[in-house]
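Just below is one structure, and these are the notes that go with it.
By written order: A, B and C. Residues from 1 in each chain.
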Amino acid sequence: MTMHKERITSLLAALDRHRIYVLLALVFAIMPFVAHGFGTVNNLTTVLKSSCLNATVAIGFTLVLICGELDLTIGATLTLGAMLTIGLQPHLGRPGSFAVAVAAGALVGLCNGLIVTKARVNSFIATLGSMTILQGILYIYSHGSSVSVTGPADFRLADFLEKPLVPLLTPRVLITVALVAFAQGVLTWTRPGRNFFLVGGNRETAWFSGINPARYVVGAFVVSGAGAAVGGALFGLSMCSATPNLGASCLMDVIAATIVGGTAMTGGKGSVLRSALAVLTFTAMFNGFNALGFPSELKILIAGLVLALVVIHEAAAARRHEKARGRRPMLMEELRRKAPPQERES
Amino acid sequence: MSERTTQFTRSLGGLFHRAGIFGAVVLILAIGALVSPKFLTAGNLLNTVDSVMLLGIVAVGVAFVTYSGHYADLSVPTTMAFSGVMAVEMLRFGFVPALLAGLATGLGIGLVNALMVGRLRVNPIIWTLAMSYLTMGVMRWLWSNQQIYPDVKGGDTGAGRLFTELYRHEVLSRIPLPMVILALFAVAGHYVLTRTAFGQQLKLVGSNPSMAAMTGVRMPRTVGLAFVLSALAASVGGILITSLSKVGAYYNGEGYDFDAVTAVVLGGVMLTGGRGSMLGVLGGVLMLGLMSNILTLLGVDTFAQRIVKGAVFLAVVGVSSLLARRMGRDDA
Amino acid sequence: MKSQIRNTVVMLAAGAMLAGVSGCGKQQSAAAGAGRADAAANLAESLKVDLSGIKSQDGQPLLLALETKTPPPRPKDPDALPETDPGHWYDMEYAGWNTAKENIPASPKDGAIGKRVIAIINGDHPYLTAYSAGMKKVAEAYRMKLRILSPNWKVDVQNQMLDEAVNEKPDLIILIALDAKVAILQVRKVNQAGIPIILSNMHPDNEAMRYAICWTGPDDWGQFRMLAKVWADKLNRKGGVAYVRHAPGGSPFFARTFGPASELTAYAPDIKTLDMQAPGFEAAKTQQVVSDWIMRFGDKLVGICAADDSAQAIGIAEACKKAGRSDIVVVAAGNSKVGMDAVKAGEIHAITYQSAEADGAVALKAGADWFNGLTVEPVRYLPKHVITQTDVDTFQPAQW
């Protein structure tokens, strides 16, 4: 009997750990039956294509969260990547402009990382400041307008990036999958990759075990900047254009997806793969809602509900966990509540 | 030589630390005076305060959250919008019920935040983000993306006119009402932070949460109250911004979340919690207003203004944390 | 244990996906069963549909007589001209007038009644709520199946919605492009799928017009040139003026600043532009900018032109009132309730009349005309009008 119960508990716990797979499965299991045309190959291709931008951005963002920091610049950096790739192309050629764009993204990350580690400014504040600066630069660079390239070769490349090579998979999707897989592989199977978790989990311990935490934090920011720029650049190339408002809403969407994917704001815990899958889950869900004719306010509401339920659930689990391990941060509170009334009077 | 330099930095640091944001404000006033002879006139300075008083009211509330070591309240914009929309909707029952409804909306949102962040200890950034999604969704759904107008909702009762007059009212036919509210809020906030048990507990919670828990601070209540105060201030700001723009709409208050945090942090309230003062917050708000003022007087365009403001923000925060560390007051 | 569960879950997901793919594959073919025999009858009936009786919420007819315009010849190198020369903005202002069309599908000439139309707007805003209402009125008249999707101001989501729309293979797609240049590939994609597309509201890039049947919407440049003249007359064609700009990233950012600014170089050369700023759509921030202007320019500042007649106009009015400068002549882009109230109260001298409902209606009407085999001009402008205190009453209650 108890064996049985234990099994159920551990099953539930495992389900919880892999909740993003469950959510993804749920969306893909339910949507085809309620949303007209959801399950067609064309539509699934659309879902995959639409997940690329946020999934690429989520890679670096997750890494920064694993290190226990926060990067608010991703939206502006992805716009920078797109803007420079398209805007500089007439001067530098496509490979050149792409390289400069990614380098610029990495540079933004480097600045963020150095401000956080050397000047020891909290990353929330540091990236809030650099986000403001970056937006100003973007508007000045674009004169408040957008940029585009309209040569036949540009259109050919855009078509190539957006047309499926094999069913469902366009080159842009394949690149995104490769980037996510590579990042996840590095994090899981290499020592430096695993060190990121150590740095995020406990910086002092990391220091004592011979790791230079600052270097990893800077590295995470650089990856975040470069990753966001790559995502923006690919998006720009696939649209032959870039607009200064491109990444405006990306930040909040990526934060939500990363958290739902199971990465902790406190650091030390997270997975690039799961963040990417969470992006896919949200995209697929909203795609289904579009087919169902949901207005955007309902979509906002549902996104809020999902995020709220996930964080509440996580907080409750954390508390159970702490109790199970005998750490009771609310001990005074508990004692006070349990104390008999006469004692309180005395 | 090196000793003298250290001593110099130390005394400079001390000066900076004591003067805090007001050192920067004085510096900016001096720059302003050089830029334009009209800068240091009462009219210009009043205009500047005028344009940031709403931000100030909201920032006083957010300061409690930041002071408690919980970063920011990202639900501020939707709280502002929701309070404003609710107030306008309730104008049909009169002016006072409308104001109460607006405040009650803020209180409601604040209580939910308090429960979640205070008791369940959910991450404040994520929770308030989720909360802003939720309230935005509900608000837009209930009013089907429409904006509502005080004079229409108020009907013939005159409540609508009273409502739009609220922001424009001048106490003693001189001082704008929002400025009076801001002053009251700041004084009350200062009193609460420095003179009450709650303020002391908040300081402890902010600077050392585990110590606070051990010494018997009621964490859920203390942290929760900070979020309630933030939401209440946001709802007052929301009612006023709605009164100003004569429209109850879901987009009112957009951007006030990050603007408020910017002002609060610029004013010397540290994100690590437990450090800073209400006076500093006012200084931060004032600094933001003065920067816009000077840059516009100089003819700098809006985009370049962003760059300057961001750079000044980073510089002030970076230098103050650097100096604090040099002086050994902070190892964070 | 752990890996078992993970595998099961992944398998489940894959299975569900496959089931979905096979289950929904069939639904596609059902739609094309309208029957061609009664195409002629449908066309005859569609042509008889009379829209002239439909009114907007403000009491004006929904479909006003459209503006006709002959664009002037294009200057050789617009970019070489200064920003204050109307020619500098030629490609933006006259986008689509002379564009060579490419691969535009031929009209089926089988009548607009019963057609399936997907409209993708740019976001949610009270103006667009009224816009959608106007479009729905036309759809009802033609008994069309209209779906309106809003990407909530996100470019990537708009892309996704276009993909979704293309997958559905409707008879027509209407698009309000979020960005003039991003529109190029968006429109091209729809065009390549063989679906006719009509652009609406925001001025797209010339290249985008190549693949679209037409563009309909407010003549933002034209109406601001008109507004500028009314403004200049009130200013006795002299003095210094300043512009509160629209948000960057769209055509109004330029049209509502350089439309009037370039018009005045010829019409009132003695009017000097003092400054232009984009404080966003917030009353308090606009108020600060205008207060600073009054401080900086003093009596030299006699006129302000705003890109928005709600929050921006209120900020301007507050600043002028505080400084005791009610003499400053304010004009704005308009038609909101707040703007009309301000015109009535004398805080704004003039606003443009841009009927939101008509904006949505003309887009779909152009589509209906195309289905009916009628001529559709490459550009269809809404009628222009400038509202002042004398005729503001005829336009109330406001649409939004």
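Here is the rule we go by: a residue touches a chain if its C-beta (ideal position, glycine included) is under 8 Å from a C-beta of that chain, and two chains touch if they have at least 3 such contacts.
Keep in mind it's a predicted model, so treat the numbers as computed, not measured.
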Where subunit A and subunit C overlap in contact partners, by chain label: B
Chain whose Cα centroid lies at the greatest distance from that of subunit B: C
Between A-B and B-C, the pair with more C-beta contacts: A-B
Inter-centroid spacing, subunit C versus subunit A (mean Cα positions, whole Å): 33
Separation of mean Cα positions, subunit C and subunit B [Å, integer]: 36
Centre-to-centre distance between subunit B and subunit A (centres being mean Cα positions), rounded to whole Å: 29
Where subunit C touches two or more other chains, by residue: 124, 248, 278
Residues of subunit B whose C-beta touches two or more other chains: 140, 144-145, 302-303
Subunit A, residues touching no fewer than two other chains: 139, 144, 295-297, 299-300
For the subunit B and subunit C complex, residues of the former touching the latter: 36, 38, 41, 43-44, 47-48, 50-52, 54-55, 140, 144-147, 149, 151, 168, 241, 244-247, 249, 251, 254-255, 289, 292-293, 296-297, 299, 301-303
List of subunit C residues in touch with subunit A within their complex: 1-2, 5-6, 9-10, 12-13, 16-17, 19-25, 27-28, 124, 147, 149-157, 159-161, 163-164, 167-168, 178-182, 184-186, 188-189, 205, 207, 248-249, 253-254, 278
Touch list for subunit A against partner subunit B, complex: 70, 115, 119-122, 124-126, 128-137, 139-140, 144, 252, 255-256, 259, 265-266, 295-305, 307-308, 311-312, 314-316, 318-319, 329-333, 336
Contact set on subunit A toward subunit C in their complex: 10-11, 14-15, 17-18, 21-22, 24-25, 28-29, 31-33, 36-44, 46, 49-50, 53-54, 139, 142, 144-148, 150, 155, 158, 162, 235, 238-246, 248-250, 283, 286-287, 290-291, 293, 295-297, 299-300
In the complex, subunit C residues that touch subunit B: 124-126, 129, 245, 248, 275-285, 287-289, 291-293, 295-296, 310-311, 314, 318-319, 322-323, 337-338, 341, 400
